[in-house]
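Input: structures, listed below.
What follows is chain A paired twice: with chain B in the first complex and chain C in the second.
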Partner chain A sequence: MLRNRRTELLTAFVLVAPFLAVYGWLFLYPTFQMIEMTFLKAPLIGEGKWAGFANYAKMFRDPVMRIAVLNTAYFVLLTVIPGTIVALSIALMVRRLKGFMQSLILAAFFLPYVLPVTVVYVLWDWMTNLQFGMLQGPIALIAGEPTNIWRTTGWFMPGAAILTIWWTNGFSILLFLAGLRNIPAELYEAAELDGATRWQMFTRVTFPLLWPVTVLCLTIQLILQLKIFDQVYLFAQGGQTRATMVMVQYIYEQAFQKNNGGYSATIALALFVIVLAFSLFQFQVLRVRSVK
Partner chain B sequence: MRKLLGAAALGLVMVAGGAMAKETVVWWDFLGGGDGVRMKKLIEDFNAANKDTVEIQATTLDWGTPFYSKVQTSTAVGEGPDVMTYHASRLPLGVSQGSIAEITADDMAAMGLSADSFAPATWDAVQVDGKQYAVPFDTHPIVLYYNKDLLEKSGLIGADGLPTGLTGLDNFNAALAKLKADGNEWPIVQVTADGGFAFRTVYSLLCQQGGQIGNDGDWFPGDSVDKLGTAINVISTWVKEGWNPAKTDYPTTVALFTSGKAPFMINGVWEVPTMDDLNKQGKLFNWGAIEIPALFDKTCTYSDSHTFAIPANAGKEVSPEKHAAVLQVIKFMADNSLFWATAGHVPANKAVTETPEYKAMQPQATYQPLTANAVFDPKSVNAGVASPLFDTAGNAITPAMNGELDPMDAAKQIQEELNAM
Partner chain C sequence: MSEHSATPARRFDPGAILLTILTLIAAFIWFFPIYWGLVTSFRFDDETVTDFSLIPTNPTLKNYIFTIQNSDLPIWYLNSTITSVGVTVLVLLMSACTGYAISQLQFPGRKALWWMILASFMVPVSALIVNHFIIIADVKLLNSHLGIILPMLIAPVTVIIYKQFFDGLPRDFREAAVMDGATEFQLLFRIFLPMNWGITTALAIITFIGAWNSFLWPFLATQDEKMMTVTVGISAVQDAYGVAYGRLLAGAVLAGLPVSLAYLFFQRRVTQAITLTAGIKG
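Let's turn to the complex of A and B:
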């Protein structure tokens, strides 16, 4: 028996080995190298000098790092929960449609998700163009005058948040629709017989049963939006990049523009820790809520 | 069986022999748009002229940071190209990263070029720590584009057919006020949404006052920081007066000029082909381009230079034949840069700009003399296109141009940030 178990283990190991080797070589090894780099004063490529905790000390005093963290947090605040609410409302509305019409409307909401970020950038850049953009009408109504929202500090992050919700919402809508279809129709019939109002049906039936999907959406969104980079980088280039800096952008700037490999690895590690902490925290909080 | 093997071996030898006779030169550039099309033509010409001996295999990559990141990473593992285009302003950083090979005096002799072939400032721009690291191909300054029809209406065209009365800041501003009064929506356009781009104008105006950008440690020697503030203030004033549109990006700038809504535009010479093409289709007014007038004490224009550099591919030995082929490519481009001038750039090779063909080329021949008054980026690893200097300038100049930050404070902010680097 023992012998048998041992050969089984061996077989298992042989089968897993290729994965372990690739995982170790392409993921674990670079990760440890990156952590090592945070203790070095190193260029992006090439040998570094031992610097102890200098990079960490620098990071905690760096005003730009503070801006980057705050901006990232602000962006997450503007996108994660509002985006999920918008997706849920759209899903609830789309569910009421039938047949071809439903597919058509769903496709319309899903289409932006398919676009690459560069296309999204060009589209929105033209729509918001100060001289020729079609969105300048509504913008002028709110701001009082035509405004280049990508060059006005107060407008930048909300603008980026709105376009991000527009862009990435299709996926959350799909998840919600799938969740809605899994709720048995009998529950609604029973509720109706008991004289429940529309709102009560939503708060007592739909929302609780949809909670696992909501948790999933929130978690996916949170991790995605903490890593915000492309939109902000594209819209801010040439402008006040300092004022609109987000964390991944700062990693990029330090690594590729300023050739500070060690320092950029330190920021990357900080982002990793933040993402990990937030995901665990959110997962725990939301799970407790769902058990109750 | 043996016969078959023999035939196969013979075939192999023949293939190898053929490959040896013909050198391939792997080429990377960052030239998209109008100048990219012209460069492709030059490459095709080269390949046609050297059909049996050398072939260029060209790839065009993304301009700016992506290009230079790729060069740095690929040369570090010996996978870089054989020759590449490079901005002169980025050479100090490239050299410090060890990605560029030196160009020796022997190389220059082999190409029949020397210091005398180039304008002094252009030649100086490819020297780092006393060694030459690239061969200048062109100089590409910013210039003042003008709409001749609109200027004529406001009486700003002189007897020689060129704009007149623009020397000195007061005169220039008076001209802008006159154009505005004559019903032009925007008398002048330049990119105001991108302080990094506008830095080219600011640097020119700084130089016109005799101010300098120094180098790491002392970025603004003497009273240069005050002069920097004065230079930024020129554009802020234009925006404040409603002469230059605020927060306007690059494509909009060009569109405002070509649609006749702005009689003046400050932009790089690389927009010349845009005007040329529109003009040929009969869709453009009479236009021209001149050196930025002396708004202060003297004329001086910011310029950069496209050059050819040879990467220092780590651990890869370059055969003498390959090296000779690379030099042959660079030589060909330098000799045939007259065609490149149609892209607006001023050919670096003086032999080309002195030809009657170039002297007949308009508006190129009109602004070409400005290369004698050109100022290049300071030689620092932190300077050059898409560099920390441009970034820092962008962060301070963008709000300052648009009335959100005092120009003098912006100048001080640039100084502080650069000194902290």
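Let's turn to the complex of A and C:
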């Protein structure tokens, strides 16, 4: 029996060791290194000097940091709730279809989700091309004339938000479809017997029962969109990036273009804390669900 | 009672027909950017800006041939394949082993490890990019496949899913197999994992798609064009082409092809993986 106990311990160690090594080296260590760097005046690579809270003081006074935080918040506002509403509408539409037709239509809505961001970038760059883009018709209708939306401040964030909803919505659509499938059909039959209209069925049956999934989608999207970088970086490159700066982009700029390792770590820590706070909230939501 | 339960669904319902038509129109609009990119990639250069027909009048493979012959796309493809397959295999192996150990074995620190994994699930890895760069530069692995792979191995979600899956399996299996003298490794790889290959397939597909598509880390880790992944590469060369949208789009179509096919062939597995990651039993 004792021998068994020893082999069990040894196996456990062998099984867990690679994971622990990678985790220690590439997760725990960089996290602590990041925190340490926030107290240093340091280049990206190389020795730093102790700077106390100077980086923090700088961050709270930095006008570009303000822009980055506000733009990130604006982007979250433009994507999270609108995107979830769009996803729910699409899921409701797809659910009514059957068999092959359903798979086909779902694929049309879901396919953007599996594409790399640079592919999405090339596709939309072509769609919004100033001279030949297919979207210039609708854009001109709103703006009064064809507009290069990626070089026009008022258009940039809404444009990036629409593109992001188009790109990442597949995830929420699938969650809503799974949620819809879990609603017992008898509830609809009962509602139908009572002469409920389509709208009443949605507001009295579907939506209340989907509420937990809706909260889940909202929090997942919120955490995802706080980390916005790729799309904004790709569309802003070559132009004026300051006005459309977002948080991860500012980390990138400070670290890799300005060589301010310490300061970039401070911005990274700010993002880290913000995302962690929202994630704790999400964890609570999930826990409440699993207890139920 | 029985008269009422006759379903009214077969009746002519203009609302339902209208909704179906709206759905089809919405799906068409949603899919249009992809379709339009595809169509444009099959047109001759001068036609991309003169011909706006929905079906290309003179389809040509010229853009594809040009892109394959005149850019590093074949090498990027190889880089993407090596790194994505590497990430997928390593993530699944490490996650299955760790999930199994936490679920089935008793060892000191087990609870602490589980809480650490749950906690890391909440932490944004993108906040660590600067430090990942420093660490990987420190061991001289920038511009290498391993350097691209390493930071992408932080995948707590797959460990959590495996652990929960192993938790759900009946205890008797394990006891019977242990009686027969099976080792823990045999238990894991011959009994536990084969009990539901579906989960492993689903996780493999979603991990592969995620690795193929990841942009920020490979973008930072590769300055050498020969080491770039497709996802990074196609955005790096666009200036070299000028405004030749046909060529750009041909490169984009090739870059998106493996992940699109992975989804189209394994639609149900992708759905399963996504509902698993979100913690919903689909």
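We take it that the second predicted complex is superposed on the first by the 256 of 292 C-alpha atoms of A that agree within 3 Å, B and C clash if a C-alpha of one lies under 4 Å from a C-alpha of the other, contacts with A are read in each partner's own complex, and residues count from 1 in each chain.
The definition used in the following text is that a residue touches a chain if its C-beta (ideal position, glycine included) is under 8 Å from a C-beta of that chain, and two chains touch if they have at least 3 such contacts.
Predicted model only: the values in this text are computed from it and were never measured.
Contacts of A:Gln240 after superposition: chain B is touched, whereas chain C is not reached.
Contacts of A:Arg198 after superposition on the shared chain: chain C is touched, whereas chain B is not.
Of the two partner chains placed by superposition, A:Ile81 touches none, neither chain B nor chain C.
After overlaying the two complexes on the shared chain, residue contacts for A:Ile45 are found with chain B and with chain C alike.
Touch criterion not met for A:Ala140: it reaches neither chain B nor chain C. In the superposition on chain A, contact of A:Leu271 is made with chain C only, not with chain B.
Within the superposed three-chain model, A:Ala107 lies in touch with chain C and out of touch with chain B [touch as defined at top]. Comparing chain B with chain C, more residues of chain A are touched by C.
When the two complexes are overlaid on their common chain A, residue A:Ala190 makes contact with neither chain B nor chain C. By the touch criterion defined above, A:Ala178 reaches chain C but does not reach chain B. In the superposition on chain A, the residues of chain A touched by chain B in one structure and by chain C in the other are 44-45, 125, 129, 131-132, 256.
In the complex of the two chains, the chain B residues touching chain A come out as 65, 69, 72-73, 76, 93, 97-98, 191, 193-197, 245-249, 252, 255-256, 381, 386-388, 391, 394-395, 398-399, 402, 404.
Those residues of chain C that touch chain A in the complex are listed here as 4-5, 8, 15-16, 19-20, 22-24, 26-28, 30-34, 36-37, 40, 48-49, 52, 93-95, 97-98, 100-102, 105-107, 110, 113, 116, 118, 120-135, 137, 150-151, 153-154, 159, 183-185, 188, 209, 212-213, 215-216, 220, 230-232, 234-235, 238, 245, 248-249, 251-253, 255-256, 259-260, 262-264, 267, 270-271, 274-275, 278-280, 282. Partner chain C is touched in their complex by these residues of chain A: 7-9, 11-13, 15-16, 18-20, 22-23, 25-27, 29-31, 33-34, 37, 44-45, 90, 93-94, 96-97, 103, 105-112, 114-119, 121-127, 129, 131-132, 134, 166, 171, 174-175, 177-179, 181, 189, 192-193, 198, 213, 216, 220, 223, 226-227, 229-230, 234, 248, 251-252, 255-256, 261, 264-265, 268-269, 271-272, 275-276, 279-280, 282-283, 286, 289-290. By the touch rule above, chain A contacts chain B in their complex via residues 43-46, 125, 129-132, 147-148, 150-153, 237-243, 253, 256-259.
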